[in-house]
Amino acid sequence: MQPDDIKSNILTTTLESAVNWGRKHSLWPMPFGTACCGIEFMAVLAARTDIARFGAEAIRFSPRQSDLLIVAGRISIKMMPVLIRIYEQMPEPKWVIAMGACASTGGVFDTYSVIQGVDKFIPVDVYVPGCPPRPEGVVESLIKLQKLVETEKFSDYSTTRGK
Amino acid sequence: MLLPKIITKVHDKFPSATLDTTQFAGEDIIHIQGSYNLDVLKLFRDNGFNFLADITAIDNLTLGGFERFAVVYHLLSHETAERVTIKAYVPEDQPELPSAESLWKTADWQEREIYDLFGISFKGHPNLIRIMNPDDFQGHPLRKDYPRLGRKERDDFPVVKRGINKEAAQ
Amino acid sequence: MVQGADQPMDTERMVLNFGPQHPSTHGTLRIIMELEGETVIKGTPEIGYLHSGFEKLGEYLDYNQYITITDRMNYLSPLCNNVAYALTAEKLMGLEVSKRTEYIRVLMCELSRIADHILNVGMLAVDLGALTAFLYGFRLREDIYDLFEIATGTRLTTSYTLVGGLMRDIPDKFDEAVIKVLDNVDVVARDIETLLNKNRIWQDRTKDIGIISKEDAISYGLSGPMARASGIDWDIRVQEPYSRYEEFDFDVAIALNGDVFDRYLVRMEEMRQSVKICRQALDKMPAGDVMVDPDLGFSLPPKDEVYNSIEGLIYHFEITMRNRGMTPPIGEAYVATESPNGELGFYIVSDGGRVPYRVRTRPPSLMNYSIFPKLIEGHMLSDAPAIIGSTNVIAGELDR
């Protein structure tokens, strides 16, 4: 190998940005689709707004295999314990998108049985407005999340390890 | 037309069952005593009203009526495409009436729903437990005296914190 | 030969928790299965995971406000819900809507029916491992979404009807756009049928699975495609026509075996019939207003008047204020409509106030799903997705 080859074939970066780059382009979503937003999420997966263009098409229905929880739809008081369990089962690092008005705030359902926003009980990173949001909105939220993933630091993880 | 004949039959067979017969917007509504519901429903089923379209209940707290609760049966005849509404009244202090599960299987889940949301129980139902709300839910939300926003059920969950210390790093 | 391969395996009974978060349960269904090997001895569905208090909410929202809530009930075909609710409220108030309104409602309902069935067939195929049918179908569904967007301004939660009419008229040249999509329905339907109908795996997995007899269908209160696949000749559009369905010429699809395959066939045929109805509705579309006479006090004035004249603004307030507005007489009404899932009925009780005293939905999904424990008994675990898929349970409507 010539010295010139080495110059043009080696890239230096920090481990952190290399890992983050990998992570952000291969988010594995776990769609927690309960209601109307679940149907719109299907549209996000289907041909027209193909989410595979952003590297997030590997839909995993098992929380243990995914790092992105997409809460799509209203969460009832009967469902909330399930959602909490699923969130806790996901391995770190993990992110959450609250898709639509119901997941973000309860939406039009201000009643006894609907949780008024999942962020009351689990941490949410990106909120998508709309009832239900258009597929483009979900894609936008994914791009926003990718930017967030880009800025993650290893030190963030180490501070709570083992505590 | 099946309906007029059956109504006469109900009057003949169970004279004390019928409280009133009314009409609104072209619909016939028969008001009956709750305890007679099985007899009346059976009579209707055997005379052509073969399909139980819907069971629901009404809390007559502010509307007024013969009793506090009315369990409403919507019957349909596949033969003549007639529909009839039967309202069986149940008192507040003993909200219980016979189950229609033996006549139509569809009554199973719908009576459970009424039990869950109104607190009306059905004698002879095979599995009368809550269906919509969690098992530990208190109260019956579709009763008029139950607040729409509930009694803090929706705020009563553990809060999960982030596993990683993002806030501290910022 | 492996020893004992022809004998059933000696297994002990096991309880499997299926859902509520499982890919083939379409969101929020949960089934507790008792298995012996892979055979289901008993399946107990647990529902209510999407219970959102629709009926309680109905007692606090006025008649037009509640239409937005009905969208979120059966979210595969929201327009059918809008129409069913509006019809009930109109019956209660004794309103007669214009012929044009009724024709547009029919057109929109039938488009929803196509969109609903195509997605249902697609999801059933996905659950059984055939992704292509879903992708084909969803392309068509997107086209229908576009039509809804042109007419109503939104894709899914349309809120298109008002009590006494429609939110707005269909735009010019809408019919051209619709015909383009309708032409495509036949193509897509043929594509899907070519993929599935004679597919050995598809037939093995759907034929003789989940058979419903005629008696059971009536006893369990089934309606719609599920009842028709069991040989019950009952279509509310024909037997109790509403919204001028009697003026349209179409056939009712019926099958006799009552298994998953037949339910799929009925749905495919209903789509073709819906295309027929849509074409007739477009051909015969009458002219006229889409709202009832404003003097009756049921319709909001045009936005142009509200913003530019004091009378319009006052009138708008009169309609929407808490203590004014439309009030029906004391009474009750039940209207049954043929939604893609079956008999979708609304039952409204009024105490003469601005908001209904009680709103009840007769959800076809609840009745259609209640037969599930009987259907799964004795089948293999892997048949559960096929049976759930063919019942087309919509959790929003099931739990309300």
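Letters A, B and C mark the chains as written, and numbering starts fresh at 1 in each.
The criterion applied here is as follows: contacts are C-beta pairs under 8 Å (C-beta built on N, C-alpha and C of every residue); 3 or more make two chains touch, one makes a residue touch a chain.
Keep in mind that what you see is a predicted model, and the values were worked out from it rather than measured.
Asks: Would you identify the chain whose C-alpha centroid lies closest to the centroid of all protein C-alpha atoms displayed?
Replies: Of all chains shown, the one whose C-alpha centre lies nearest the global C-alpha mean is C.
Asks: Check B-C against A-B and say which one is joined by more contacting C-beta pairs.
Replies: Here the pair linked by more C-beta pairs in contact is B-C.
Asks: Could you state the distance in Å from the CA-based centre of chain A to that of chain C?
Replies: 30
Asks: With chain centres taken as the means of their Cα atoms, state the distance from chain B to chain C in Å.
Replies: The separation of the two C-alpha centroids amounts to 23 Å.
Asks: Cα centroid separation between chain A and chain B, in whole Å?
Replies: Distance between chain centres, rounded to whole Å: 42 Å.
Asks: Any chance you could list the residues of chain A touching two or more other chains?
Replies: Residues 78, 110-114 of chain A touch two or more partner chains.
Asks: Residues of chain B touching 2+ other chains?
Replies: 132-134, 141, 146, 148
Asks: Would you give the residues of chain C that are in contact with at least 2 other chains, written as numbers and ranges?
Replies: 48, 51, 53, 56-57, 399 - these are the residues of chain C that touch more than one other chain.
Asks: Which bits of chain C are touching chain B when the two form their complex?
Replies: It is residues 47-48, 51, 53, 55-57, 59-60, 91-92, 94, 216, 218-221, 232, 234, 239-240, 331-334, 336, 343, 345, 347, 349, 351, 357-358, 360, 362, 366-367, 370-371, 399-400 of chain C that touch chain B.
Asks: Under the touch definition given earlier, write down the residues of chain A that touch chain C in their complex.
Replies: Residue positions touching the partner: 32-36, 38-40, 42-43, 46-48, 61, 73-74, 76, 78-79, 82, 86, 108-114, 131-132, 134.
Asks: Considering the complex alone, what residue numbers of chain B touch chain A?
Replies: Touching chain A from chain B are residues 132-134, 137, 141, 146-151, 153-155, 157-166, 168-169.
Asks: Help me check something: in the complex, which residues belonging to chain B touch chain C?
Replies: Within the complex, chain B touches chain C at residues 24-27, 29, 50-54, 56, 58-59, 62-63, 72, 74, 76, 78, 81, 83, 85, 104-106, 108-110, 113, 117, 130-134, 141-142, 146, 148.
Asks: Considering the complex alone, what residue numbers of chain C touch chain A?
Replies: Residues of chain C touching chain A: 20-23, 26-28, 48-53, 56-57, 68-69, 71-72, 75-76, 119, 134-135, 138-139, 141-142, 145, 155-157, 395-396, 399.
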